[in-house]
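What follows is subunit A paired twice: with subunit B in the first complex and subunit C in the second.
And now, the complex of A and B:
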């Protein structure tokens, strides 16, 4: 029995060897560059990642011409249903049998960290275009990972610095009571205090929360100039909705600043409730001509504007393919090395430099939500208040990441 | 099920398991034999997928032990799966390289889930029906809360990169094939353990408690103690599956302790067939398979899975295996009077 099996295995591998044409064999593994998009297609994060991410990747592939180093480029997308074990299982299968070379997106940090670990084992690349966890560039950092859009620190620090510059010095935090909320609050509070601001108080709400009125009213009565929301997703949306019911943040004395919010959150809140809020994003479609050109391409396919995460998938895919072209191979280490030497400048990411720990340092946008009367069309949501230099908002390389020590 | 065997308990013990045992075990041996060749044909079926099915299959078996054979609905099973996974994972990250690390971490993980089971079960078994279910639900939410808040569980990020370690310093488990066979052995032990429990005098008493609790009480059994014992046993087996899962996938996440996982295991058990030995395995294969293979079809995945479940619930009330057994029973029954007219032409003769 065993003999037969061995003989069979030998025969199969021999056949596989002979079948592979030697053309680009040593440069491109499996003679195909395959990009995987792993995200939430059916759940709460499908709005700002989902199908749109795959469409954005396809736009990038089309721009490059569908081929790199003579090998065809393929795209595969799957729904990890926000479960790390499904994500890990799919990623393993893709790496082992699906010829996938790079996986992007990951709207939940647990799925991102799970797949990063597997990619490291299998010598493939991950690009977290939607994953914002700090762990990915600190204690869990990987040489084969790039956090392509942003991390929680940059989002919090961007908003904090910009508001402090406008003279809003007294802050109050409404924080989701779990690790993510705590770290967001800690990062932002550090920036506030370093720049001469003052934190007047903090309210911690359970996660996920239902009723935010008491927290928001307490924040209002603190008299703080900024009510910072250190939470995410539906918690952010609900706290803003309830604040709007009490008229909180509707005057010049007090503003609401969600530390982590996306254009899709503004879309679901509506401008009437979200108006005047400050927030930081990596990308806004209506920023300049180049971003608008990309956004129109995307709009033609999806009938909506790209979120920052979806746009980041485009940029990540494009840069990855350019790096393969430049490195002359799709071997993970060489591609990452090439990526680190490139200056990323495309429709989405400006002045981008990939650091050793995987953080992509690039310009960020400080945005303020428009009043309903100012908005000329659907998705016309933001006034761009400032372009924030990457070095000012991204965190310093952390000692927790061993890659930073190596140099 | 009748409670007859219980009243005759001391006498009917030995002849009982013989006949059904051989069939179940034969099928199981066949399954294991099929599973043995999987690593050699990775093109047909992906070995890691099979490992996942084994982990969830055993998890569903543990749940079935409680719901199918004892009649207790628990919404706390994710807490057992997860707590064992977290303990095993956290220990492996710290002591994974030690030759005895894997075995110790695994054992302590299972032990942890047994303790959690004792705590939750001890409070819940005093109540019946929906109240029992609600208490398990509430207490499992506490476990979830702790998993979010503790530092060593990694909060919402969970634990990643758990080393698989090695078996007594002899067998390196980091290769998928070695891990596959170890998982298969662990799974077989777990399954046979559940089988043994179900077909033991203890298992008979559990079924008696399920069918008619007052009668079991009147026969002198302390039913609360038996229910608690069943609960802790079920929690232990669930933890066993959880510890296995942590080693196989090298990650433990909040999802493992979430209510979602608790309801998923109910689904697996019902889909496969409540109170049957293979039902949970079939159910786990279906659910895990759907989640995995439908993942690439896009945003319709939940709709398709939902439709399949509706069809199953509408047309396979007893679950896949339960429905099959029922079909065989009916066929056997139909075959009986069909042959009878030849000898005796009275159709109403059947008992």
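And now, the complex of A and C:
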């Protein structure tokens, strides 16, 4: 913290020395561009966001050169403990006293929605690199928000469409019994039924669950070709792990498809149990030379590969800073307008276009988990089966978001 | 909803397996409460610690010591880990819990709750939250055809092992002379001391024994559940409900209640999965209304 303050003070004095009166001061509020990372530093989401997200943001800041329009760039991070009230208080403090211009990450959707509202009042920007709730781009949408990675619909649609294309038409859902699980199930079921598939049944399990064997067994005896997991984190991991124990989903007749799984989940399951599974992610570090170059920079600092959320923080930070540069100011409305005109193309996001409702529509990756023998090193987990075009997997603009009507 | 008899039997079996864990964990809690009057909120953390130690022994210890091929296998862990966890527990008892015996139950509860948070935090800091996997021993890998379903061999082992342990514990406390001393020690420690028995040491060992049960359950759970710092805390809520239903302090009660609640929960998962966690607490509320001391507890 003290280091940040010192750096800030130094930056300000430097800017004052060099600047002609019209520079930085007019264009950049408080003479500093300050980025906040608000996420889970200690709880269940800390592995795929956490400290790594701040590290990813710092990589982007370093690539830009630590300055934009002559003003220094600062970074601050805090733990919202997955609680909307804590997130809201931190955000208020950051906006009112902390000179923060943009806040990113939000692994818990409720925290994202709380801070989006405050940001709108204070004319600042939010970028949801980890928040995947559809509400953020539908009924709770905000002109100053961007969902900078993915939403539940795109994740579910990517996997569902790929499996349907292989002729797997009958589905059974094992769903976490709360809003998130329900909406994931609803989105996937809509895709399944639209493509001529059929949903044979659903088991809704308490959240968080412990033993999933009875749900998986019930799913197995339904005879469905796909057992889709509409849950997340340790629930998904335990479902897959316990299914493997009972030999469920290990043949051509029946497969298990997690609708939301991150590389950190595959890492903790191990390839032996996760092999052959299909899943959709916004980013995979080993996709091409550009993604690898970023990932290696990250690996050097964290000793692990970036998750899609952490990578998305990098992309969001980089794009935000470029938009300030392009707009010639850090005023929120102008920066968002600039972002909407840009085609996002960096190490993480490809063919990205930011929509009026805040959805960043971009290429997604359909991935299949490697067999243990195929993996050459730690984190070498996926075969990229297809690059999914953004328009095919992202949801159409919703009428529930007033911003979609304007344009 | 239609269901074949086969599928029904399969679901009952799964419920029984869950019940075994409840029985083992609630038994440890019942012993500690019944004999020491401590509501041991660290039980879940001790369960988690055992699972972690098993995993550390199998995958981490060798590389740490510089001998990558060195590993403590499942069978050895099943013996050593509960002893280590019990030893840590006894240190906690000697250093901290001992000071609270004269005070209200609430103080012990608060202390053990705090210790549990510290332990969970420590493991979270060291190993993250996504969790670790643990393979069952080679001998017990793969499924076994029991007629109506393919049952993983490892789960059969868990049922047999935990039933043996539960029965052995009950026998030790209710049917042997040692058990009689232990129970006498809680009724009237001064008198028992007058007979030449070292009551403080006995209490420490009893606490250690209860914790060791959590340790055994933790090692047995390692191949079934994802090993995460939160695994014990999630389970402990239900286990406490089991103890309350069975009657605080009743060893036989917690064993029978644990197994039957596993079965009830298993059946709820089939017919109305949304209620499968709640059902335990509904039963707890009903039991508290009708028999506040629990199904097997003695009215005081």
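Throughout what follows, the second predicted complex is superposed on the first by the 384 of 407 C-alpha atoms of A that agree within 3 Å, B and C clash if a C-alpha of one lies under 4 Å from a C-alpha of the other, contacts with A are read in each partner's own complex, and residues count from 1 in each chain.
In this section, a residue touches a chain if its C-beta (ideal position, glycine included) is under 8 Å from a C-beta of that chain, and two chains touch if they have at least 3 such contacts.
Everything numeric in this text was worked out from a predicted model, so none of it was measured.
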*asked:* What does the overlay on subunit A give for subunit B and subunit C, a clash or a fit?
replied: fit
*asked:* So in the superposed three-chain picture, is A:35 touching just subunit B, just subunit C, both, or none of them (first/second/both/neither)?
replied: neither
*subunit B versus subunit C as contact partner of A:247, first or second or both or neither*: second
*Touching A:238, do we find subunit B (first), subunit C (second), both, or neither?*
second
*In the superposed arrangement, which partner chain does A:367 touch: subunit B (first), subunit C (second), both, or neither?*
neither
*asked:* Once chain A of both complexes is superposed, is A:215 in touch with subunit B (first), subunit C (second), both, or neither?
replied: second
*asked:* Applying the document's definition of touch, where does A:264 land relative to subunit B and subunit C: first, second, both, or neither?
replied: second
*Taking the superposition as given, does A:46 touch the first partner, subunit B, the second, subunit C, both, or neither?*
both
_Between subunit B and subunit C, whom does A:204 touch in the aligned arrangement: first, second, both, or neither?_
second
*What's the minimum Cα gap, in whole angstrom, linking subunit B and subunit C in the superposed view?*
6
*Residues on subunit A in contact with subunit B in one complex and with subunit C in the other?*
42-43, 46
*asked:* Quick check: in the complex, which residue numbers of subunit C touch subunit A?
replied: 4, 7, 10-11, 14-15, 17-18, 121, 124, 128-133, 143, 149-152, 154-155, 224-226, 228, 230-231, 234-235, 266, 269-270, 273-274, 276-278
_Of subunit B, residues touching subunit A in the complex_ = 37, 40, 42-43, 46, 48-49, 52, 148-149, 155-158, 160-161, 245, 249-251, 253-256, 291-292, 295-296, 298-302
*asked:* Going by the contact rule set out above, which residues of subunit A touch subunit C in the complex?
replied: 42-48, 177, 203-206, 208, 210-211, 213-215, 217-218, 221, 233-234, 237-238, 241-242, 245-247, 264-265, 267-270, 273
_In the complex, subunit A residues that touch subunit B_ = 5, 8-9, 41-43, 46, 50-51, 76-86, 88-90, 92-93, 96-97, 109-110, 113-114, 116-118, 133, 135, 140, 178-180, 207
